[in-house]
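Heads up, there are several structures right after this.
Look for subunit A in each of the two complexes below; its partner is subunit B in the first and subunit C in the second.
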Partner chain A sequence: MSEPTTITARAIRERLAAALGHAVSVSGPGKAAARADDEMLVMVTREEFAAAVTAIRDTGARHVMLVGFDLRRPASTSGSSAARAAEARSAAAAGGAGASAAAAGGAGAEAKSAAEAASAARPGAGLAIEEVLAVPNGPIVRLRVEIPPDDRTYPSLTPLVPAAQWDERECHDLHGIVPAGHPDLRPLVIHEPDPPAAPYKSFVAHGSGVYQLPVGPIHAGVIEPGHFRFSAVGESVLYLDARLFYTHRGLERFVEGRTFAEALPIVERACGVCTVTHATVYSRAVEQLTDTEIPPRARAARVLLAEMERLYNHVGDLGNMCAGVGFNFGTSRLGWQKERLLRLNEALTGHRYLMGVVAPGGLRLDLEKRGLVGLGAAVAEIEHEVRSIVRLLVRSDSFMSRLHGTGILTRAEALRLGALGVAARASGLPDDLRRDRPADGYADIEVPQIGSATGDVAARFHVRAQEAAVSAALIKELAGSLPAGPAMVVPPGGPRSGSVALAGAEGPRGASWLWLMAGADGRIERLHLRSASYANWPVLASVVPGNLVPDFPLINKSFELCYACTDR
Partner chain B sequence: MNGSTTTTALLAVIQLIGFVVFAPFLAATIKRTKAGLQSRRGPGLLQPYRDLIKWWGKKPLESSASGPVARYAPAFVLGTIVTAALLVPWATSRTPLLGWGDLLVVVGLFAAARFALALAALDSGSAFGGMGSSRDVAISALAEPGLVLALAGAAIAAGSSDLGAISAFGIGQGIGLLGPAHLLAAAAFAIVVAAESGHYPVDNPDTHLELTMIHEGMLLEASGRSLATLIFASELKLAVLAAIFAAVFLPFGAATELAPLPIAFGLVAGMIKMLIVGQGLAFVDASIAKVRILELPDLLGLASLLALAGLAVQVLLP
Partner chain C sequence: MPLDLVRRLLTPIQSPVSTSTYPEAAPLLQDATRGLPQIDPILCENEGACVESCPTGAIKWVSGAVESIDAGKCIFCAACVLACPKKAIAMTSRVELASGKRDGLIDPFEPPALGPNAGVETLLFDPSAREHIRMRVDSRLGRSLHVRHLDAGSCNGCDWEIAALLNPYHDIQRLGIDFVASPRHADLLLVTGVMTRNLEEAARRTYEAMPEPRMVVAVGACAIGGGVFAGSPQVLDGAGGTLPVDVYVPGCPPRPEAIIEGLLMALEQRR
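Take a look at the complex of A and B:
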């Protein structure tokens, strides 16, 4: 996949040295020397942070995530990690959050020794943030800054990298780290902070004839909660302020102190429609930490499952776009094709939404033979149906006239706000992790590039339809040629405490990234999941102004963002 | 004179009962057909009655921001539509309240109902109510000329603005009625019926997308008995519009004399014609997308233009 203009880790280091005026120390990702050009960790001071980020950004790098962590917390605030784990478990038992029953046993002594080992292993470790940037055709750069506990500030990155705006607000909410100079530090995650902050205020436009339209968080349909404050004149939207995180469940905190096996179903269930993506990024992060090589069958099967997930999502989302303009024909016909795909999922894995299959080391369950037999033909037949429905939709003037020119996302804006997935590809950005940083079986296949430059709802519609066809072709190819052999290897022993792995995967909504820090004794110290929807929500809010109020449902459905994995 | 009063009363009672019983059924058949066209089974034909009975048995929940307008408007809305229902011919070409009002009064009653509903929706204090009101009033301002103009041609031909007289004239014309003027006016009226009854391509009666709602937006805060009243009023309004369409543009089958058998025949014929109009709406609902809201004036302007063309043909080529 290497392109002619590859940027090496060495080039990045030289760039940073030039920007900061001194040589920087760089550590690679663990012991795998082969991946030295894939990922690098650079420690910088608070004062150097902005300059370092600017230097990396100027290579054309994209913001991946900003993660904050507080490693002092176990010792200094809420007691040992054993106590935290026990508390989390009782919460799980009370809330029925789906923790495995095995987790409840043997919490005490084992976890306690883990906590002791953890605090012993990292003397002086404390509050820190990491800005992760992906250099195109180059490494992923993790810039880590230690934050002194008595002065929890650092210069905000949002003016330099607008895509980091929500990450910084979240870090501010959850870790009390203040990004000085951030243009909008209203609470994002914690709606009712303790101690109470100033009351939340929606941003609105003022002027004669401007009215406000508050929508949600409870909607007329059975959908996820989000509050949208429109400022409108007549039917034209002047400004949209979206407030999410009504479904914040604290999943990241919940998995801290748990074993890798215990956390898997939690991460997988961050939302219900990108389960393969989230299980895969988690599994790959664990595999990196434990230096596990998954067997060929699992490599290929993960691609198959990821494409099944993309296909049913894309087909359903095309149908939902019809619902956005009230075009019942498309909604019902495509809804039925999605249902057929869900049934294939069930035959293949025993679960309509593909849960409980992907796991660290490969696949927890091998694919069902009865599901694999004839899968390629069935998917091809469904794809044929979808294609003919889409052809009818494209021929419908009443439908297409609603899509053209609606909700235009320009390339510049997509780049500025870090749009991902279909939204980015429909606006002229070729970003696709399957091509850019292929992992698992994607390294063995060629995924064709699909895109459009117009950036409107119609472009997102066409990109989705074409990607669905590509997914179907990949599934057809893989279903007939899955390598034989085991689908799972047991990961070798626990990773070194404090080591970090970062994994990304291209899901139906774009790239989801997971940052995972190992604690002692094969437990999780800190986990951060940044889903594609998280990146695209601010993009959606910036696209809507200038459009008509009743076109919002259509624009919203053309992005098809998820609330649950944004809120976590 | 005495006989006339009795006739009026009898016809009024028959027509009132007819509309009250038939209107929810008409709505049910539209839903059912739509569901069928989407490969769904859809709710049973008795579901609207069940819904109305259920809502009727519940006390309306009023928001703290709402006042007496929201409380009393539903009754006014229903009252005006019921009155309109007695000013259109169904079973016979004689309207039950003969001489009490013509087509302009019917249009006026619709406008009064809409005014009351818009006020009630504003009074509910919800942003969606205000949004629905403003859209509904804007749309009806554009639809009303089409409504009047589409009927004007027929009125000029019949020499009367009474809907019964127009219907009787149409029956007298026989198949010769179906000239270009008539067809143009019928097309215009069909668009207006869709707009006035909250159907495609103007409004979506089944939507759950708050931001696209028009009529539903105005009903969003209504509940219990108020909701039952308003839903029934909108079902009744649809039936009345269908009855006008049937009487003016498909007048055949209505009784021309006041005898039991022709009246019974006229009742059934009228019902079938209204069902056909309903099926047309259902088919349009299922087969196209909604028009972008700022393009609605074009569509409704087209209705007025068609009606005007029909009128011109009527006047210039008698």
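Take a look at the complex of A and C:
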């Protein structure tokens, strides 16, 4: 494959003008001129929306997310958290100690002015949606459409961009915006909406000999909740309908009105095993909004932490795939290696899942010196062990025969449904944000491209094993060469209200993207997190038909989808 | 290849035994491990910066003095440590924090310790305390305990630590405890997560499917009181409103040893 030519923001603008028949006004991310070709915002009307999306899509652009927001909503700090903050403040004031009273007084005034600002007029106040598309070797295009409150409809994008199917359902659930022509508008996120919707109906196949196999939401193993409805003939699955969002915690609404610092531990806990990924996308969005440059040590350390996260996840997932076929040798041996990696995490950061480290401005807790000593050697030793276990697994015919040809995701289907991460790379797509849009320390290093074309469970197994080796090599390189100096700068004051930042990072499960709109006083107006699992769940549901019911756990584990960050 | 089969058999045999002996031995922690924070009352000048900084409101402030830290709310993020201008608060290595009562998680005001961990060391790693735990295990583990895990809306962190109980290091089966696939086979429900609205009915029905006598252990800050999500309209702030909780295991997530401690405490409670 030859290196594709770069597509500039100017070219996109011309393309849009040709499609819509008039010149479009484009605004960039606003700050550094160097980023003008990285991201652009285009305002289009409802009537033009589909044509604009089609024009961008035809450059080979991938769907990033569709986010809805409602700027007319009253101040959004949720009741109990506001009450709790007020309680803490009044307690602090009652304490009467000088310094804290001053600090607390400041915070109180801030909260008040935030409430005032929220009720006042806002820039572009109203209901709107944004479709975000990433042009390969080109900018990220945000197409914004304003939705009139008395007619909350727009032509659905799902027929044009099938990867947007869940985004549109979610937007419908949360904002009441109706994508006209969407093939499936059952409730997705809120299971029992108010006012009540029609009773939920699973989609099933009908015919002679077809039976239904309902599974979940509470599963047999130590796993997260979701309801799967298989339509099967004998052992063969004809259709799979997955109902998720059981662990929906209302994270996005819950952080609205909070300061950037207050929201961090909440966003970090969208998923407990991709904490670095989610803290990083959040921090990078805040850093963009506040024009913060993080110190070199933090740039490199974020890569180190992200690779530690990828490594323990991949090693654990390889083990889980063994569990998916009941091959205890692999489960147990790889489980032990994962435990050793969790210990290294703990030695490095004080937390087995690396929580509480990455923050806007760099790292809120610097890496432990003692954890860094010998880290490279320890990781290399574990990687060596993993490699020898994988070698034994690959030579086991009974194991590999379950993996080969099972759960095939074709390249075309991966592209159509917007598969991400290992699932995409094992189906012949080169997508990897570490290479495609390098941020933080990834801009300074070379990440080798790994992939496979067969798209079956075996391909995903091999891609994971190879990526684990790459992660180990990167960790070894970085642990010995981490720049000295501070790990944190304090981000300067609040950004302009209504400004938006978008950040993506390649986590163990693929690219997670976060869309962040600033409100008044450095508070969050709207946050949307679209994790890689969110993109890959509908892909899994389309891969399973044609396979055997007992292969479902294996296929599921080969995608390694997280429910928590999908459901939020 | 037969040679590979031999290798596969030899690999575990050649490896040294790696399994933990917890609870007889102390949990294997690192220098950096973040356990429950502790306030030094001599250095503390009651400026309230810790109270203000805590994301979950775990530090309680009464009439100008920091009174207590609620382990059930603490997410072990060290925000209080970073915020304190007098450096009067430090993370300890205290991770075994389970209690049979919600109030039991609220750490009483401790007398000043000599070092950051000194007071804790004597409290928890005291050999006689270990001996007591051992006796407890021996007397209560005359029979096995069958556990059913229930994710009531967790971030997956607690769930992965529960899954880690089954790895060769923690190997919970060595204590006669095992996980079962159905609530109908379970003695104990191990609940993680905030209890979302979307899961409330499924959680209740899972509990109802269990035979009597049955117990509930709430694992992690979310299951105890909603954790960082407490107050979100989509969550019910912990398992306690839906299920009768017998033992609370603080942590975000709790280490596997802390979960074992909670399970053993539940065994002790069951007469």
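Before moving on, here are some points about what is shown:
The rule we apply is simple: the second predicted complex is superposed on the first by the 523 of 568 C-alpha atoms of A that agree within 3 Å, B and C clash if a C-alpha of one lies under 4 Å from a C-alpha of the other, contacts with A are read in each partner's own complex, and residues count from 1 in each chain.
What we mean here is this: contacts are C-beta pairs under 8 Å (C-beta built on N, C-alpha and C of every residue); 3 or more make two chains touch, one makes a residue touch a chain.
Bear in mind that the values here come from a model prediction, so they are computed numbers and not experimental data.
Of the two partner chains placed around the shared chain by superposition, subunit C is the only one that A:R249 touches, whereas subunit B remains out of contact. Look at A:A479: by the touch rule set out above, it reaches neither subunit B nor subunit C.
When subunit B and subunit C are set side by side, the one touching more residues of subunit A is C. When the two structures are aligned on the shared chain, A:E235 is found in touch with subunit B, with no touch to subunit C.
In the superposition on chain A, contact is made by A:S396 with both subunit B and subunit C.
Within the superposed three-chain model, A:P214 lies in touch with subunit B and out of touch with subunit C [touch as defined at top].
Judged by the touch definition given at the top, the superposed model places A:C271 against subunit C, while subunit B stays out of reach.
Of the two partner chains placed by the overlay, only subunit B lies in contact with A:P553; subunit C stays clear of it. Judged by the touch definition given at the top, the superposed model places A:L354 against neither subunit B nor subunit C. Using the contact criterion defined above for the overlaid structures, shared-chain residue A:R343 touches subunit C, although it does not reach subunit B.
In the superposition on chain A, the residues of subunit A touched by subunit B in one structure and by subunit C in the other are 220-222, 329, 332-333, 336, 396. Contact residues on subunit B toward subunit A in their complex (touch as defined above): 34, 37-40, 127-128, 130-131, 135, 200-201, 204, 207-213, 220, 285-295.
Put simply, subunit A touches subunit B in their complex at residues 211-215, 219-222, 235, 322-329, 331-333, 336, 396, 398-399, 401-402, 548-553.
Here subunit C touches subunit A in the complex through residues 1, 4, 7-8, 11-12, 18, 28-34, 45-49, 51-52, 54-55, 57, 61-65, 75-79, 82, 85, 91, 149-151, 153-164, 166-170, 179, 181-183, 193-194, 196-199, 202, 206, 227-235, 252-253, 255, going by the rule given at the top.
Partner subunit C is touched in their complex by these residues of subunit A: 78-81, 84, 87-89, 91-92, 94-97, 99-100, 103-104, 107, 190-192, 217-218, 220-225, 245-251, 253-254, 262, 265-266, 269-273, 275, 316, 329, 332-333, 335-336, 338-339, 342-343, 346-353, 355-356, 364-365, 368, 370-371, 388-389, 392, 395-396, 562-564, 567.
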